[in-house]
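Here come two complexes built around chain A, the first alongside chain B, the second alongside chain C.
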Partner chain A sequence: MTEYLIRRTLQSVLVLFLISVVAFLLIHAAPGGPKSIMMSPRVSPEVAKIQERNLGLDQPVPIQYVKWLGNMLQGDLGNTFKNNIPVGEIMWPTVKNTLVLMAAAWIVSLIIAIPWGIYNSTREYGLSDQTASFISYIGFAMPSFWFGIILQEIFALKLGWLPLSDMYKLGNEGDIGDLLLHLIMPVSVLSLGFLASYMKYARSSMLEVLDQDYIRTARAKGLKERRVVFRHALRNALIPIITILGLDLPILVSGAALTERVFNWPGMGRLFVESAGQREYSMLMAITLVTALFVVVGNLVADILYAIVDPRVKLGKKGGVSA
Partner chain B sequence: MKRMNKLTVCLSIIALAGSLLAACSNNNNTTNSSASPSPSASASSASPSESPSASPSEDPNAPVDGGSLVIGTFSDIVAINPIYIQDTSSGDVATFALANLYDLDRSGKVAAEPWSLAASLPEISADGLSYTVKLKPEAKWNDGTPVSADDILFTYNTMKNPDAGSPAISVTDKIDTITKVDDKTVTFKLKQVYAPFIYSLYTALAPYHILKDVPVTELEKHPYGSDVAQTVTNGPWKWTEWNKGQYLTFEADPNYWGSVKPHIQKITYKIYADQNTEVQALLTGDIDMTAAVPLPLLETVQGNSDIAVNLAPGPQYEYFAFNFKDENFPGNYSLFKGQKTRQAIAYALNRQGMVDNILKGTGTLMNSPFLATSWANPGDAATNYTYDPEKAKQLLAEDGWVAGKDGILEKDGHKFSFELQYNSGNSRRESVAAVIQQNLKDVGIEVKTTALDFATWVDQNLNPGVFEAALGAWSLSNPDPDQESIFSSKYYPPAGQNNIWYKNEKIDQLWVDGYSTTDQAQRTEIYKQIGAEISADLPYIFLYQYGTPQAFNKKINYAEEDKPEASLAYGQFFHIINWWIK
Partner chain C sequence: MSETQSAPLAPTGNPKVSRRPPGALRTGWKKFSSNKLAVVGLIVLVFFVLVAALAPWLTPYKPDRIDMMFPNLKPGTGNHLLGTDELGRDIFARLLFSSRVSLLVGFSVAVATVMIGTFIGAVSGYFGGWADTIFMRLVDVMNSIPLLFLNILVLAIFDPKFIYMILILTFTGWMGVARLVRGSYLQLREMQYVEAAQAIGVSSWGIIIRHLLRNATAPIIVNATLMVGSAILSESALSYLGMGVQPPQTSWGQMLSNAQEFMLIDPLQAVYPGLCILIVVLAVNFIGDGLRDAMDPRKKAMMSPRRLDQWRKSFSKSKI
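After this line comes the complex of A and B, so read on.
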C-alpha cells in the first residue's frame, strides 16, 4: 500500500507538471494579452512597451514559463497584472467559498439521491421511481442559470422569503445562519443537477446487484427482503458509486461558473471566467493547478476507497487494479 | 463516457460565460477618451422625494446626515492611484475618496467647486501658454499632511514621464515645465497653445509625501491605491474596506478638510458578476443605484414605483467605420474609397429605426463626432442622412456600381461584399449589425457580420487597423471636442487610433486649428466646420449617442442643482457630496 501510494504520488506530480506546461502554453497562446485589455487605446506604443517590460511580458513564453515554475515551487503564485496583488490573496477566499457551496450541494444531493435511488431499485417503475425519473430528466435538461433565475424571481422578488444573491447580507459576514439562508437557492439549483445523476447510479447499481445469483441464493434461503437488500446487496452496490464520487471530487472546486454568476457567489468559477476575459495569466494558472490537484487527488482517493470497499482489489501487487 | 460529457458541458459553459464577459470588459474599456460639455438634453426623472416620515418640526426637504448608499456595479476596481486610473470602476470610487484639483460643472466646464482642491479657476496667460493654479489653504490628506504644490508637481511630472507608463501622458506631454511658485501655487507652461489641456486639470492628485521615494518604474506596482491601509486620501469619504471581487466600503471622513461636508455616512460599492442579478438586487432593495440598466430590463425597472430612471444618453457614441486601406480587402481594393458610396450607405441605413427599436429611445442621432449635448455640436451645419434607400441606390449608380447577376453590386470586377466586425456578447451591436446587414442588402450590398471575442478583436483587428468595416464606440471621459488622434492622418496605427487609415488634409488642419486657440467662439466655429466637412466626407457613419439608463432608489435625495448628470463621465455621482438618504 505504501509503495503504491508513493508511486501514485510521483505519477501525480508528473501529471501536474505536464498539465502546467500545456495550460501555460494554451493560456499564453490566446490572442490579446493583458495589455490590450487593460490599456486605454490612447496610450502610445512606446508606453505600452515600457509597461510590458515592467510586467515581464516581453520575454519569450518558455522563459516566462521557467520563471513562473521557479516562483511557483517557492510558493509564489505570482501577482495580478492589473494591480499587482498576490494571486493567492484573491484566489484562496474564492476556493473556500466555492468549497462551501459545492460541498453543501454535493452532500444534500447525496443524502437525497442514494437512499431514494436504492428504494426505487426495489420498487422498479413504481410511483416513486417514476417521479424520480421525471426529476432526473428535469435536472439533466434544465439549464442551471435559468432555474436559478426562476427561483430568484419567485423566492426573492415575489415572496421576499430568501436573499437574492451573495453569501452574506452586507455587514453580516461570518454569520452562519445568514450563510445557510443564502445557500438555499444556489444549493437547490446545483443539487438538482447532481441529484439526477447520483440517483440514476444508485438505482442502476442496486438493480444490477439485485439481479446477481448470490442475491437469488439469499432470497432462496428465505432471508427477509430487508436483510437481503441491506446486508447483501448494498455493500456491493456501493462500490461503483464510491468510485464515481471519488472521480467527481473535482466538482467541489471546479465550481459552477454560471450558478456562481447568477447568485453572485464570490467563488472560483466566477473568478476564472473573469480572469480569462482579462487574460490574468497568473490567476488562470493558479486556478488551473488547484483544479488539477483536486482531479489527481480525487482519482487517487477513488482508487484507495475502491480497495477498501472491495476486498477483491489488491493494490500494489501484480495483477492489481490501478487507474 | 460520463467524464467526456462533463468536459463538453464545461467547455460550453466557459465559452458562453466568456462571451457574456466580453460585453462587460468592453463597457469597461471604452470608457477612456476625450471630448464634450453640455446642458443635459433630458431632465432626470429622479427628484427629491417628500418623505412623510419626517418629523413635523423640521423642513421635510432639508438634508439629513447619516445613512448608507449601496451602489451596484459590474466590475471590481483595479486601483485608485490617480496616475494610473483608467477603468470605470476605479474612476467611480476615486470620486468618493479623492478630491479633484478641479471638477466639472453640469455643462462640462472646468470649475473650482467647494470640494475641489483648487481655490479658484486657473489663471491663463494672454499667450495661452501658462496656467497658474492655486490650492485651497485648508486642503489636506487624511493623515494630516497639507495638500501642497509638491503633490501637483509630483503627479504631473510622473504622468508625463514615459517610464511611468501613465495613460494621462497623451495630454500631459503638452506640458513644457511645471514650476512651484509657493507652497500652494504652481504654474504650468505648455509647449504650444493646446486648449484641451485645461481638462487635464480635472484629476485627482497622488500624495508626494508617500510616493516621493518610489522609483518611477515601480510606481504602478506600489500598493498605494490597492492596499486600503496604505492609501491616504483627501476626499469626503475615506476608504475603509476592499473585499476583493465583492465590495468596497467608504465612510464619511471625520478629518475631511472641506467647508461642505458629505451627508451620506457610508457608501458601499458592490460588484455583481451578472447584470440581471444586479437589476434584481435594485428591485429587492439590496442596492440603491446602478449606472447601467440593461435595455431588456428597462421596462421592469421603470415599472417599480420606488425607483427613478434617467434615460439621458451618456458621453459616448457608436459608429460604423469604413476602412480606407486597400490591403485589408481581397484584390487590394477598398470598397469605400468613393465619397458618394459612403454617402449612399449613410442614406441606406435606418438610424432612427435603430434608436427607436434597439435603443428603446435612450439614444440621440449623431451626424458628426460631437455629442448632441456638446457646445461643439455643429447642429444643422452637419449633413443629416435620413433613411432613403432610393437616394442610396441613385448615389451608388452615380459612383459606378452596377448590379451583377446575383443582384449584388459590382464595379471594375469588384463585388460589393464586405465583412462587418464587432465584439461578441454585445447584444446592442448584434442587433445593429443585423439591421445594417438588412438595410444594405436592400440596396444591393452584401454584408457578412462577424462577432469576435473583445480582447482578440482589439488586439488583432482594431488596434492594428486590420478589418474591412467595424461597429464600435468611443466613450468621451473628457468633455473637450478634440478627436484629432482618431481622424487625423498623423495618427495611423500603431502610433494613433486612426485605425481606418483615413486622410483628409482639410480636416487634419482643422483639428490642429481647433486646439491651437483658447478662444471659445473661434473654437466653436472651427468645430462647426469640422462637423460640416466630416459629415459630408464620412470616414465613419456616426450612428447615435447612447447610454445605459441610470436608476436610483427614491430614498436617495438631492436638490435640483445636485441631480445626476448622464452626459458627463462619472455624472451619475454629480455633486454626491450634497446628496442625502431618507
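After this line comes the complex of A and C, so read on.
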C-alpha cells in the first residue's frame, strides 16, 4: 500500500510538472513571445529594455521557467498586468466560490443519480428507465449554457421566482438562505450532465454485479430482494463509481466555468474567461495551475480511495489501477 | 428440373440464390435502417447539411447585414421569418449561416482527431514498449486537464481565429480514439493472420495499415460520429465565451451570447440557436448509436417473420 501511495503520488507530481511546463511554453510560443503579452507596445525601446530586464525576459527560457516555478511554489503567483495587484488576492476568493458551486452540483447529482440508477437496474426498460435514458440523451446533446439561459428566461424573467444571476443579493453577502436561492439554477444546469452520466454508470455497474454468482446464491438462500440489492449488491456496485467521480473532475471544472459565465457567478472560471479577454497572463497561468492541481489531487484521492475500498485491486503490480 | 438436383451442380441456375453472402455494407444498412432513431437522425443531419450548403439561396438576407432602421422586429414581420436582432440583422439568415460553421467544425475536427488518434493508438498498440508508455502517459496528462481552460488559454494567446479553434479542438480531442484504437490493436496483433503476415515478410506498417486497420474500423467510425457532436458542443461553448467564432462571422454559440444580453427585449432569440445545436448533436449521437449496433457482428439484423420464412425457403439446402 505504501509503495502504491508513493508511486501514485510521484506520478501526480510528474503530471503537474508537465502541465506547468506546457503552460509556460505556450506563453513563449505566442506570436511575438511573452513580451507582446506582458509589455505595453506603447513604451519606447529604452524603457522596453529596462522592463524586459525587470521581468527577467532577457534570460534563457529554462532559467525563466525555474525562477517562475520557484516563485509559484513559494505562493508568489505574480501581479496582474493592468493594476499590479497580487494575483492571489483576486484569485483565492473566486476559487472558494467555485468550490461552493461545484460541491453543491456534485452532491445534488450524486443524491439523485445513484438511487435512481439503482432503481432502474432492478426494473430494466421500465418507464423510469426509459425516462432516465431520455434525460441522458438530452443531457449529453444539450449545450449546458443554453439550458441555463432558458432557465433564466423562465424562472427569473417570466415567473420571477428565482434571482437572475450572481451569488448574493447586493448587501446580503454571507446569508445562507440567499446563497441557496441563488444556487438553484446554476446547480440544476451543472448537475444535469453529471446526473445523466452517473445514473448510467450506477445502473450498468449494478446490473453487472446483479449478474454475479454470489447474488444468485443470496437469492437462492431465500433472502428478500431488498436485502440482496442493498446489502449484497450495492456495496460492490458503488466501487467503480469512485473512479468515475475522479475521472469526471476536469469536466466538472470546465462545466463550472461555463455555468459561472451564464449566471455571473463570481468564480474562478468566470475570472479565467475575463482574464483571457484581457490577456492577463499571470492570472491565466495561476488559474491553470490551480485547476490542474485540483484535478490531479482529486484523481489521486479517488485512486487511493478505490484501492482502500476494493481489496481486489492488486497494488504491487506494475501499472497499478490506472493502467 | 427440381431444385435439389440443380443447386449443387449449377448454383447460378436459380436467380434467387446468390452464392455470395450479402456484403457487409448491405447487412449493415439493413441493421441501421431498422433502428428508427438512427434513421431519423440521418434524415435530420442530411437536412442540416443541405441547409448549410444552400444557405445563400434560402434567404434574401446576408447574416452580417446591419440595418439599424429595423432592429428587434418581431418574428414574421415583413420578410423576416424570425425577426431581427438588436442590430437589425435577420435572425433566420444568421441561423442558416451558423449551421455552416457548426457542421464545418464538427466534421473537420472529427476527421482530424480520428486520424491523429488512430495513428497514436495504432503505434502504441502495435509496437508497445516505450512508445506506448509515452503516448499513454500523454493521454493521462491530457485527460487530467480541464480542456475548456486549455482551449481558452491557447485561443487567448494566439488570437481566436477559426483555424486555430479547429486545431486546438483537434489537439485536445484525440485521446478517446487513441485509447480505443490502442485497445483493439492490442487484441488484434495477437491474431494468427498477423503472425502469418509477419512470416511472409509484410512490414510492420503494412500490417498496421492493411491488415489491422480494417478490423478496427467499426469502433473508429462510431467514435468519429460521436466526436462530431462533441466538437459542435465545444465550438458553441467557445463561441459563447467569446473565444471562438468572431463577428462578422456568425455561429450558434455566438448568437446565444448575444441573445443573453438582450434577453429582456426578445427572449425568443435565445431559443432558436440552442435548439439547433441540440437537434444536430442529438441527430449525430443517434446516428452513432445506430452505427454501433449496425457494425456489431454480435447483433443480428431485425427480420420480419415473413421475410425469415422466405429466407429459409431459398437458402435451406436440406428442404425439410
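Quick notes on this one:
Everything below uses one rule, namely that the second predicted complex is superposed on the first by the 260 of 323 C-alpha atoms of A that agree within 3 Å, B and C clash if a C-alpha of one lies under 4 Å from a C-alpha of the other, contacts with A are read in each partner's own complex, and residues count from 1 in each chain.
One rule holds for everything that comes next: contacts are C-beta pairs under 8 Å (C-beta built on N, C-alpha and C of every residue); 3 or more make two chains touch, one makes a residue touch a chain.
It should be emphasised that the depicted structure is a prediction, and the values quoted were computed from it without experimental measurement.
Shared-chain residue A:Leu170: touches chain B; no touch with chain C. Of the two partner chains placed by superposition, chain B and chain C are both touched by A:Gly277. In the superposition on chain A, contact is made by A:Met142 with chain C only, not with chain B. When the shared chain is aligned, no partner comes close enough to touch A:Thr217: not chain B, not chain C. Once the two complexes are overlaid on the shared chain, A:Thr9 sits clear of chain B and of chain C alike.
Of the two partner chains placed by the overlay, only chain B lies in contact with A:Asn264; chain C stays clear of it. Of the two partner chains, both chain B and chain C are touched by A:Gln152. Of the two partner chains placed by superposition, A:Ser128 touches none, neither chain B nor chain C. By the touch criterion stated above, A:Ala23 is placed in contact with chain C alone, chain B being left untouched.
Residues common to the contacts of chain A with chain B and with chain C across the two structures: 30-31, 37, 149, 152-153, 157, 247, 254, 257-258, 261-262, 272-273, 276-277, 279.
Taken in their complex, chain C has these residues touching chain A: 136, 140-141, 143-150, 152-159, 229, 233, 236-237, 240-243, 253, 256, 259-260, 263-264, 267, 270-271, 273-274, 277-278, 281-282, 285.
Residues 30-33, 36-47, 50-51, 54, 79, 82-85, 89-90, 93-94, 149, 152-153, 156-157, 160, 163-166, 170, 173, 197, 244, 247, 254, 257-258, 260-264, 266, 270-274, 276-279 of chain A are the ones that touch chain B when the two sit in their complex.
On the chain B side of its complex with chain A, the touching residues are 2-3, 10, 13-14, 16-18, 20-22, 24-25, 29, 32-34, 70, 78-79, 86-87, 162-163, 165-167, 169-170, 217, 220-221, 223, 225-226, 243-247, 268, 270, 272-274, 276-277, 280-281, 283-284, 286, 453-460, 462-463, 485, 494-495, 497.
Taken together, the chain A residues at the contact with chain C in this complex read 15, 18-19, 23, 26-27, 29-31, 37, 137-138, 140-143, 145-147, 149-150, 152-153, 157-158, 247, 249-251, 253-254, 257-258, 261-262, 269, 272-273, 275-277, 279, 284, 287-288, 291-292, 295-296, 299, 322-323.
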